[in-house]
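Across the two complexes that follow, subunit A remains constant while its partner is subunit B and subsequently subunit C.
Moving on to the complex of A and B:
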């Protein structure tokens, strides 16, 4: 499988710290996949995210984005165009006075001509379903809508990767679904690679692959079916078991003869129905 | 901003009695008025109409300037991301700031700081550190300790676990629940987590469009999925699962405590009955 991002032996210290926040992290991100990165607070997952588009640079090791690398200053703009980041707080990343100004801001920084800019703005708001809000001001938007505008701002730069850094953690349940569905569509229909840093286990369950970070190191990597069966690993990484797994275990304790633990509610209901 | 073009009615005609010692969960989607409502509880906002009564202290609309100190002493608010409000050189000074402002002697305030730091599960050695040298989870605990130092009778929590990893979330919620029980507090929890609302609350109040939409016991509220959906909310995962099970098995089971254990018992019983 083709890799879009390669993180190689990355170690990183925040200035003045003696303990590295990232310790020898190596990671391949496959083109077109949805990769979830989970881990406890302080595990280094957000720091890792900031390495991916050169917001932070490794003390040791290197980060490659297709044929570019964050260690070459001349490559940084191309890296940032290709790898767009959506951060946690919707209010901290809205810089324009209206939706279209906000999206235009990013394009101006890349020196996109006006005609092209107008075209890209209308295209990108449509892809996140915000075309009716072009002239709205930020305070008229919900948290989920602001995050969708942030995504549109990234799309306008024709990226290959979108990094969600806990981008749904400040949203209500409806806003969360709204943002995840928007990104899922971009991932599935347009093949944009998604890297999602999250505490939301149900979201990680539907990822193609999951990386577990623990104390600055990569503790595990694999498909959700494998990762989420590892109770001890999850516990030690400050995580919880997903709902359906916990329920599968509780049912077995009640003497229900399930052949395995199921990851989703649908699978579990179906398995139970077969037992009935 | 009454009488200006910016006037917007954020809350409308809310009547809510919260009994002494109640654990109330306040739920509603973003913009439903939850945060506006709790800011009335300690006089950060004054009602344009109506009144707020807490114990013997009453805060009325209009009228002359009222002394808010008794109200603020009685009701402690833990805001969203409370660690952003830490500012002192040391943890101890930060915790002492509130009590000192209310005329408590330096010696007494120091004793309080040492007491509350234990209550939030941090070692005494943290007291001499700068709050900014602590991890995010520790900073949050220090900020909570600062509120507890005021010895409030009413604890108001505005999404106190936002941004924490799953195990941190459980730890903080258990901390509040134990305090609530042990110190016979009245607790108001603003949350997006239906799981936390069902697990800890005696009563649930649902806000929608600035009005009190539903109010009752968890078992009353979570059996009204339609109404909750209309307010942009959903039921806890245990109820979602039971609904699916009811659908395939043609039964009409319902939960009272909403725990996974209760759900597992209920489902295994219904399987056994079918088996016979």
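Moving on to the complex of A and C:
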């Protein structure tokens, strides 16, 4: 499979610190996949995210995005255009005074001509379902709507990768679903690669692949079904198992005859009602 | 409470003045500041008053809004007027009581100065009443653009202004939240002597400052992630359009200046 991002043996120290935040991390991101990077606070997952678009540069090793690399200063801008990033706090990434001004911000930075800008803005608000809010001001929007505007701002730049850096952790459940569904549609219909950084394993369930970070190192990598069987590993990485998994385990301990531990609620329900 | 906060004092309406380009309005207001000083007789002041009155009517801004803007400076107007009435010793002596002498020239001078101040404030508040703060920022950035040659950070200044405007409602919401949180812990912002009340605001301001710095840092990171690298090579979505009416307005102002120059004594 073709790689869109390659992280090669990356080690990183924050200035003045003795212990590296990332220790020799190597990672391939395939084109069009949904990759979840999970880990506890301080596991280095957010630092890893900031390596992907050159917000931080590795002390050792290198990051490649298609044919570009964050090593070369001339490439950085193209890397940032290709790898869009949605941050945690919906308010603190809203630069413009209205929805359309905010979407335009990135385009203005890349010197897109005005006519083209107008076209791309109306196209990208439609893709996130915010076309009715074009002239709204940020304080009139909910957290989920602001995050969708952030996504629209990235889409307008015609990116190949969207990185969600804990983008749903400050949202209410409805806002969370809103954002995840929007991104899933972009991932499935338009083949945009999604990297979601999270400590919420429920969110990682729907990923194509999961990477577990622990103490600045890659502790495991694989499809969710395999990763979630490694309970000890997840626990030692400080992660809370998804509810259906915990429930099916508890049921098995109580003597309910389930043939395996189920990852999603739907699977578990299906298995349960079939029991005699 | 926050839904009603109007930033600046913009009065939304659709009038010829509202539709004017912010650049022409800025130039006109600035120019007006100087030509007001040309007037020195009843005729010239009459001309200025008439011009200002017509502009106010055209703007469709209700008079009570203008009055609200005038209120803070009314004391100043009255004070300077009295100063001139008592201290100018020209023309016929009208009244004398002890050391107090009022001359005809003093009254005329006092009225003129009061009119001058009122006209100045009226015209400048018309600018902010008919132009949104963000349009004023855009206009300023365009007008001051040539100063970039002398390394003046015009673009950075304009971006700072627009980001501040954008964050005013956000910070107000946050203030309200912190206030409620402190009130829930027994803080009292509304009663007691002034000194105590001022002290009560410390636990409000400290968290607000801390979070503002955090916001600023995160915003800077988000801006960088979206490819921000200063004003060079940037295009802009907001376009200012100079219409015929803008040229016309400025020509009208030139005409006014010419008449003032001719009629002044």
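In this text, the second predicted complex is superposed on the first by the 276 of 276 C-alpha atoms of A that agree within 3 Å, B and C clash if a C-alpha of one lies under 4 Å from a C-alpha of the other, contacts with A are read in each partner's own complex, and residues count from 1 in each chain.
The rule we apply is simple: contacts are C-beta pairs under 8 Å (C-beta built on N, C-alpha and C of every residue); 3 or more make two chains touch, one makes a residue touch a chain.
Treat the numbers as computed from the prediction; the structure is a model and nothing was measured.
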Return fit or clash for subunit B versus subunit C, each positioned on subunit A through the superposition.
-> clash
Regarding the shared-chain residue A:201, is it in contact with subunit B (first), subunit C (second), both, or neither?
-> first
Pick one for A:122: touches subunit B only (first), subunit C only (second), both, or neither.
-> neither
Where does A:53 make contact in the superposed view: on subunit B (first), on subunit C (second), on both, or on neither?
-> second
What is the contact status of A:264 with respect to subunit B (first) and subunit C (second): first, second, both, or neither?
-> neither
Is A:137 contacted by the first partner subunit B, the second partner subunit C, both or neither?
-> second
So, does A:107 touch the first partner subunit B, the second partner subunit C, both, or neither?
-> second
Based on the superposed arrangement, let me know which partner A:243 touches: subunit B (first), subunit C (second), both, or neither?
-> first
Just subunit B (first), just subunit C (second), both, or neither: which does A:272 touch?
-> first
In the superposed arrangement, does A:255 touch subunit B (first), subunit C (second), both or neither?
-> first
Which stretch of subunit C would you flag for clashing with subunit B, going by 184-192, 238-246 or 256-264?
-> 184-192
Check: subunit A residues flagged as touching subunit B and also subunit C none
Inside the complex, what are the residues of subunit B that reach subunit A?
-> 29-31, 135-137, 162-168, 170, 192, 194, 232-234, 237, 240-241, 244-245, 248-249, 260-261, 263-265, 267-268, 271, 274-275
Subunit B partner, complex, touching residues on subunit A are 39-43, 88, 142-144, 166, 169-175, 199, 201, 235, 238-240, 243-244, 246-247, 250-251, 253-256, 265-266, 268-270, 272-273, 275-276
Name, in rising order, each residue of subunit C that touches subunit A in their complex.
-> 2, 134, 162-163, 165-166, 169-170, 173, 214-215, 218-219, 221-229, 233-239
If you look only at subunit A, which of its residues touch subunit C in the complex?
-> 53, 55, 77, 80-81, 84-85, 87, 89, 91-97, 100-101, 104-114, 117-118, 121, 137-139, 153-154, 157
